[in-house]
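Next come two complexes, and both contain chain A; in the first it sits with chain B, in the second with chain C.
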Partner chain A sequence: MSASLAPECNEVKERYDTCFLKWYSEKYLRSNGKTDDNECANLFKDYQKCLKVVLKEKGIDKLIDEAREDTKENDALYIKRK
Partner chain B sequence: MVLTHTTNHSYSHPFPTVTLAFFLRYYSPQLNPFSAHVLSTDTIASHVDPDTGRLHTTRLHLKRSRMPAAVVKLLPTSITGGGGDKSSFVLEESVVDINEGWMTTQSRNLNFTGVLSVTEQQHYSVTPPAQPGVEVSPLSPSLPRSMPTNTYVTTTFSYRSSLGSRKEKVAAESEDAPPRRFGSWVTGWGAKRIQGSIESIASNKTEDQLSKSRDGMRLVLERLRTNGVVATLRELRRREGKAMFDA
Partner chain C sequence: MKVFSNSVTFNYSWEEVSIANWQKYGPWNDKSAHVIAVDTLNRHVDPETGVLRTERLITCKQSAPEWLKSLMGCTETSQVFETSYVNPAERTVTMVSQNVTWSNLVNVQETVVYKPLNAGQTQFVQDARITALCGGWQRIKNSIEDTLVTRFRENAAKGKEGFECVLAMSRRAFAEEREKAAAMMA
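Our next item is the complex of A and B:
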């Protein structure tokens, strides 16, 4: 099982990953996208609460925000081209 | 300057399985021995767009020595921090459209960007990439129930070194970072030459990296074909001596 960047988040991350993969393979792929992932939402919230602390401590949250801003601009172009 | 490198590849597995393998490829070195360099993987965003049904996912990976050793050798220890092993954060963003049968992914490094920015873009599709000069009929809006058995992927790597460039210097001066940041030790033509070397060394490593990542994907795909995802996860957890969570 892949580890979390924050060892203290490993357990909740595993629970979320398992939930996500099950949802993805059994629901999302079979419903042609006509499903939401609410069933993993609570686990995701707990996982993020744990992870955000560490991302902030290490200053990675800022790097991520900058990078995602960039992508949004590129995506807009890419999706228009499609 | 930016060096790019584009290749096409196909997997003899249906599209939904390939997307699943994409999400699982760093799950465990037991599943994919080529993922041993991945130290951690975290999902930081995931949602289904209610209008399009597309799944948007953002993950953060920590990978060991993303920077080729030859690049590290070109740089003074004040930049690399000395020592052998480097690890870098890679941000991976993906969009899956299961209705139209495509997935796009983009991964790039978050640190060491002052030395080298590597971006990997992939486009997975149920239809082969368009060949120049060959007419391709547009994808029908709704796919037939039976998914094609092959999945095509186009991968583009872009390498850009901004070492010592003006932009980097301005950025360095405007931040509260220590005055001698990446790049301040090299400027002008020298910088251009070193940038070029860094880009080409990194680019030359691409074939090797790509073939390893394909081998990894193939192993995950084979496992999924034989066992399916739930059995695969259960088996991995059993080997790690843990109970399966009820999802």
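Our next item is the complex of A and C:
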């Protein structure tokens, strides 16, 4: 797996990434998306708690918000709710 | 504005490609040294459509030409915000990216789609639009756009080579897992 921007988050990120990949290959793809995505939720929460501090420190959080705002129309295009 | 387009066929199923895609910038890829970090920011499955939506922040470190560095204030680390959509019913992965760094100087919008050609082959289609934003100076704008198109071309060649390695390693790892599981059953 790849590293985190914040070295102090690497360990928890690795645990989350491993959990996600297992869920993605064994459950998500096999069920055609008809699965809940909760089994890695606690690891994701820990990872985000660590990462968010660093994003804020570096001032990247605001740049991300801008980029998200710029690209939000893609959701309608690619999620394709009826 | 300049456009860079690229298309590659991988001799792997869409399922294999879509799994390996999450490991693209990991240790199995020795051609992606310019990507130093990949962080997931948000992820959820749309309950209505089953589409998996993921936001990632990709951190790159690549040397830039001296004249560009002086323009952009010397930093060599840059970041890209990527939103991806996995549609398991249609069997597509779509990734839309844009630059977070230097976004008041240049706008880079990239779209990548992975879709199956047949049971054993997957097509990768990449399309990047590069627009320099600084006012007036057409020559500088052209130079910035040309530099980035060249960068895309170089990274595309490395990207294919590196991803082929990841696909081969991923296939081998899954085969080993299956063998282990079979041995335990026996």
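Quick note on the criterion: the second predicted complex is superposed on the first by the 72 of 82 C-alpha atoms of A that agree within 3 Å, B and C clash if a C-alpha of one lies under 4 Å from a C-alpha of the other, contacts with A are read in each partner's own complex, and residues count from 1 in each chain.
The rule is simple: a contact is a pair of C-beta atoms (placed from the backbone, for glycine too) under 8 Å apart; a residue touches a chain by one contact, two chains touch by 3 or more.
This is a predicted model, so every value here is computed, not measured.
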{"item": "Chain A as common anchor, with chain B and chain C clashing or fitting", "value": "clash"}
{"item": "First (chain B), second (chain C), both or neither touched by A:35", "value": "both"}
{"item": "Touching partner for A:20 - first (chain B), second (chain C), both, neither", "value": "both"}
{"item": "Touching partner for A:4 - first (chain B), second (chain C), both, neither", "value": "both"}
{"item": "Chain B/chain C common contact set on chain A", "value": "1-6, 9, 13, 16-17, 20-21, 24-25, 28-29, 32-37, 44, 47-48, 51, 55, 60, 63-64, 67-68, 71, 74-75, 78"}
{"item": "In the complex, chain B residues that touch chain A", "value": "16, 19-20, 23-24, 26-28, 35, 38-44, 46-48, 50, 52-55, 58, 60, 62, 89, 91, 93, 95, 97-99, 104, 106, 108, 110-111, 228-230, 233, 236-237, 240, 242, 244-245, 247"}
{"item": "Contacting residues of chain C [partner chain A, same complex]", "value": "15, 18-19, 22-23, 25-27, 35-41, 43-46, 48-53, 55, 57, 59, 79, 81, 83, 85-89, 94, 96, 98, 100-101, 103, 174"}
{"item": "Residue ranges of chain A in contact with chain B within the complex", "value": "1-6, 9, 13-26, 28-29, 32-37, 44, 47-48, 51, 55, 60, 63-64, 67-68, 71, 74-75, 78"}
{"item": "Complex contacts: residues of chain A adjacent to chain C", "value": "1-6, 9, 13, 16-17, 20-21, 24-25, 28-29, 32-37, 44, 47-48, 51, 55, 60, 63-64, 66-68, 70-71, 74-75, 78-82"}
